[in-house]
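What follows is subunit A paired twice: with subunit B in the first complex and subunit C in the second.
Right after this comes the complex of A and B.
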């Protein structure tokens, strides 16, 4: 009975706390948490692809496409924010299709290598196409986000926007994961030959998971562009792509909340080191320790601790059936 | 492009290709045996170059000694990585890849506080140029070709003519069967890690007097090596050699004509096209 009540209570508490951030925290915390939510979207949107057994190490490239598309449309053509955001996300998904289609027939490691190289391709294009993106000078003067013609000038209103976006995207991803489609993705990840033999069109479903991730990564990128209002090609490099993957593994692959926990935990914990090499050092150590000592990720930590205590107190331990 | 410029960039392309081949060989060897991609290969290349900086330039030792030291030290490091990362994960491919990714970012990021923020330079080991077919080529770049060729031939002889080499081939064919025949799979995998790391260190050590040194210097060669093994087919040694030469030539000739970045973009477009028609690369085989 407890979990049935427990889940909504935890959910309501988290959302409630998130709603209260602008009221009690200053602009600094609003800024930090808005970026945490961007990372949550990125991490969670990688999950369907990972569930299908595709090691995508190129997610930041699609974020970059969404960011540049939306920023340029809004800045140069005065396209309203809602439309430029959707265009950014759609273009990211379309590019995802173009890259995903030839790569999907590949075994896992080939796919990982293609996505790594693709991050570099997108970075180079953003860097070299100076007349469009201003290259290494960086793209500035991006308009603030607006809704129905009203510009969101305060940090707090932009924070509520990204909170809303995050909740909607998480809901969509959660619904998908618990639908028939989610089961199909899971079956592909567990054994694609077996899934195929049962009549699953694995290529199409893998491509769908990949494109869906690209779409939401593009959405996160578009918000980021109008929130930070400055885009610089190397920001969306290999390091960012690795971080998105790291959020998933440190949080835990076994449950939907894994990437959410991982992105929140690591983004907040690394905040004091931001911009210095120590941020990456910290990230990579967290990553290695998790892989080696907590293979299920942070979400398995409570159970591990509970098991530990249980082992100490009980004289004749029997494995819990829930495990 | 004048004929002289073409000849010059073709020779530089072969020299560049030799470096790529050394990088790709280690990757393809480790993939063949363990089905993993060593994402840390670029960081090892970087460390190999820094060993040259400290032992040869700062320490004043002969270049040859520094070169051997670079290969030996990173070979030992490779063995330790097998023991402390690959072995505890017990063959899980995806966790291993992510752990190696973490190791890469750790080594790169730790490079800044350890080696300093400024780019490092190693003075030329073989100064001067040599006239070949009417064009001047720096001897530094020329020397790479015989050294790399010697290492490739050495590796080939080792794999084909020694007991340990036979053990490596056995693991590549069937790990369980090799273990049943008495091959110590852990030790031989460790050896493959050591050889792969030593070859990456050798390419870094050869490039140290030519390029500037910084903690991120390994990223480009790693991406090139990825493209090469996709091109040549994972696990294929001839594929890695042919792919390395092709990419070296593309990189040098196209880069001379159009610039380095378009050369990279072009090679990427090339592999995407190739993958559409031959998903396992030129020499690869379906698993």
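Right after this comes the complex of A and C.
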């Protein structure tokens, strides 16, 4: 059991620092951190599905659905931001239901292949349906986000919006993971036969976890659309989908904060390479290093270091008696 | 009316009949043993009863309801719960979490309470989980990761999880395999206590001492067919059974 007081202190510090970013950083940092939080939502929302043992490499498709839905509603029909955001998230969840229902019976790599194919399908639809999405010219002129009719014109206000969204979504996911639902997800990932024998409807719970992830990915996408105000189909391709997965593995799969740490760390570190070919190389190397040296992810780093120190202090002063 | 009744239960794998026309009945309050040489079809039988396999032919009636072809979780929800030979528990969870998962069938907590309550699990559910651990003698290990428990405790925890699901019929797949005399004796005592609290038991086991000492009725399978049925003393002296276990040479001797 870890100390009860440590968690709130760390949490308050992190949130406090996040609140101070617009005050001390320029617009550049505000922009970077807003994208970091978008990635945190994406990574954390993939976790329920991964916990159920579903290797989902298609999360960016649902972000894309949320982004395009919200952008088109706001741009063409002047729908207020709050409503277009929810519509984007709901459509992403509905498409998740349509894709998940027939394919969640597949396991491991077969399910992963369906999700990979789906990313490409969504990308091609966005690319080829020119009359709606403007295809490869990109969708521009998306209105800025607004709340209750007030447009958030400054970068800082948009930053606070995504910070709020992230905190709410993380809180919801946290509560779910620590309830019986989270226990059920974990049980399905650890042994689906045993879970079934205890009366767990694994098909329903896998679908629920998957749709939940799609809903929040759609939310992140909708924010992204109104924040960047330009959508380009290849952005939501295979690369982004694998990145979301890599956030989870590099951060660590063993704890809720894993994807949060992974997404923050990798997004910040890869910032200099964003959009260049080096980005792929960077993510590949990060993944390789993690698998080789920290199979439990970054969240196990403190424990690993403590073990190393223990080894050193334990082995140096006492010469081996066996010698 | 029997609690469980199968008629002509048959499962073919290709041309091989793993279970072939088995009529099996279990009455309320019994402890019934299902035995037979390796490959006799005992585990297939369990998989059919618990819904992990669909029968090729035949029917399964549980407490007056035809459950043939239902999915495993639906069968568990009706009160027919099984344990497994190998994956008996969730290694990466604590003992208490394992049991709490078993309780989930009988908890009426909705999604609103999940999001807005301060506790992760309601106190009464934790208390019920602890009761089950108490009953099975694992209370001291509630917060230990189950993979760190000794083998004997792990097997008992597997039974505790199934008990948490409040079965009316409990199927135990080799509950004392790999245990020493002392441990297996304690598990068999536990099985008797479970029965005395109103749960009917059907168990598969290779440990003959345990089976003979615990079960009131024994069903012997061989090559997928029912070979014999009766009290332990009847079955252990039946020439067909001895022949099936030891081969013809010994039967003549």
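The criterion applied here is as follows: the second predicted complex is superposed on the first by the 312 of 323 C-alpha atoms of A that agree within 3 Å, B and C clash if a C-alpha of one lies under 4 Å from a C-alpha of the other, contacts with A are read in each partner's own complex, and residues count from 1 in each chain.
Convention: a residue touches a chain if its C-beta (ideal position, glycine included) is under 8 Å from a C-beta of that chain, and two chains touch if they have at least 3 such contacts.
Model, not experiment: these values are computed from the prediction.
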Open item on the list: In the overlaid three-chain picture, which partner chain does A:18 touch, first (subunit B) or second (subunit C), both, or neither?
Closed with: neither
TODO: Applying the touch criterion given at the start, work out whether A:277 contacts subunit B, subunit C, both or neither, answering first, second, both or neither.
DONE: first
- [ ] For A:90, decide between first (touching subunit B), second (touching subunit C), both and neither.
- [x] neither
- [ ] Would you check which partner chain A:295 touches, where first means subunit B only, second means subunit C only, and both and neither mean what they say?
- [x] first
TODO: Scan A:114 for contacts with subunit B and subunit C and give back first, second, both or neither.
DONE: first
Open item on the list: Of the two partners subunit B and subunit C, which one touches more residues belonging to subunit A?
Closed with: B
Open item on the list: If we overlay the two complexes on their shared chain A, which of subunit B and subunit C does A:176 touch? Say first, second, both or neither.
Closed with: second
Open item on the list: A:57 in the overlay: touching subunit B, subunit C, both, or neither? Say first, second, both or neither.
Closed with: first
- [ ] Check the residue A:249 against both partner chains and state whether it touches subunit B (first), subunit C (second), both, or neither.
- [x] first
TODO: Figure out whether A:195 sits in contact with subunit B (first) or subunit C (second), or with both, or with neither.
DONE: second
Open item on the list: Please output the residues of subunit B touching subunit A within their complex, sorted ascending.
Closed with: 31, 35-37, 85, 88-89, 93-95, 97-99, 101-106, 108-113, 219, 223, 226-227, 229-230, 234, 261-262, 264-265, 268, 271-272, 275-276, 279, 287
- [ ] Flag every residue of subunit A that touches subunit C in the complex, lowest number first.
- [x] 1, 172, 175-176, 178-181, 183-184, 186-187, 190-191, 193-202
TODO: Flag every residue of subunit A that touches subunit B in the complex, lowest number first.
DONE: 53, 55, 57, 99, 102-103, 105-110, 112-114, 116-118, 120-121, 124-125, 127-128, 238-239, 242, 245-246, 249, 277-281, 283-285, 287-288, 291-292, 295
TODO: Provide the residue numbers of subunit C that touch subunit A in the complex, in ascending order.
DONE: 50, 52, 71-73, 76-77, 81-84, 87-93, 97, 100-102, 104-105, 107, 109, 114-115, 120-121, 143, 161-162, 164-165
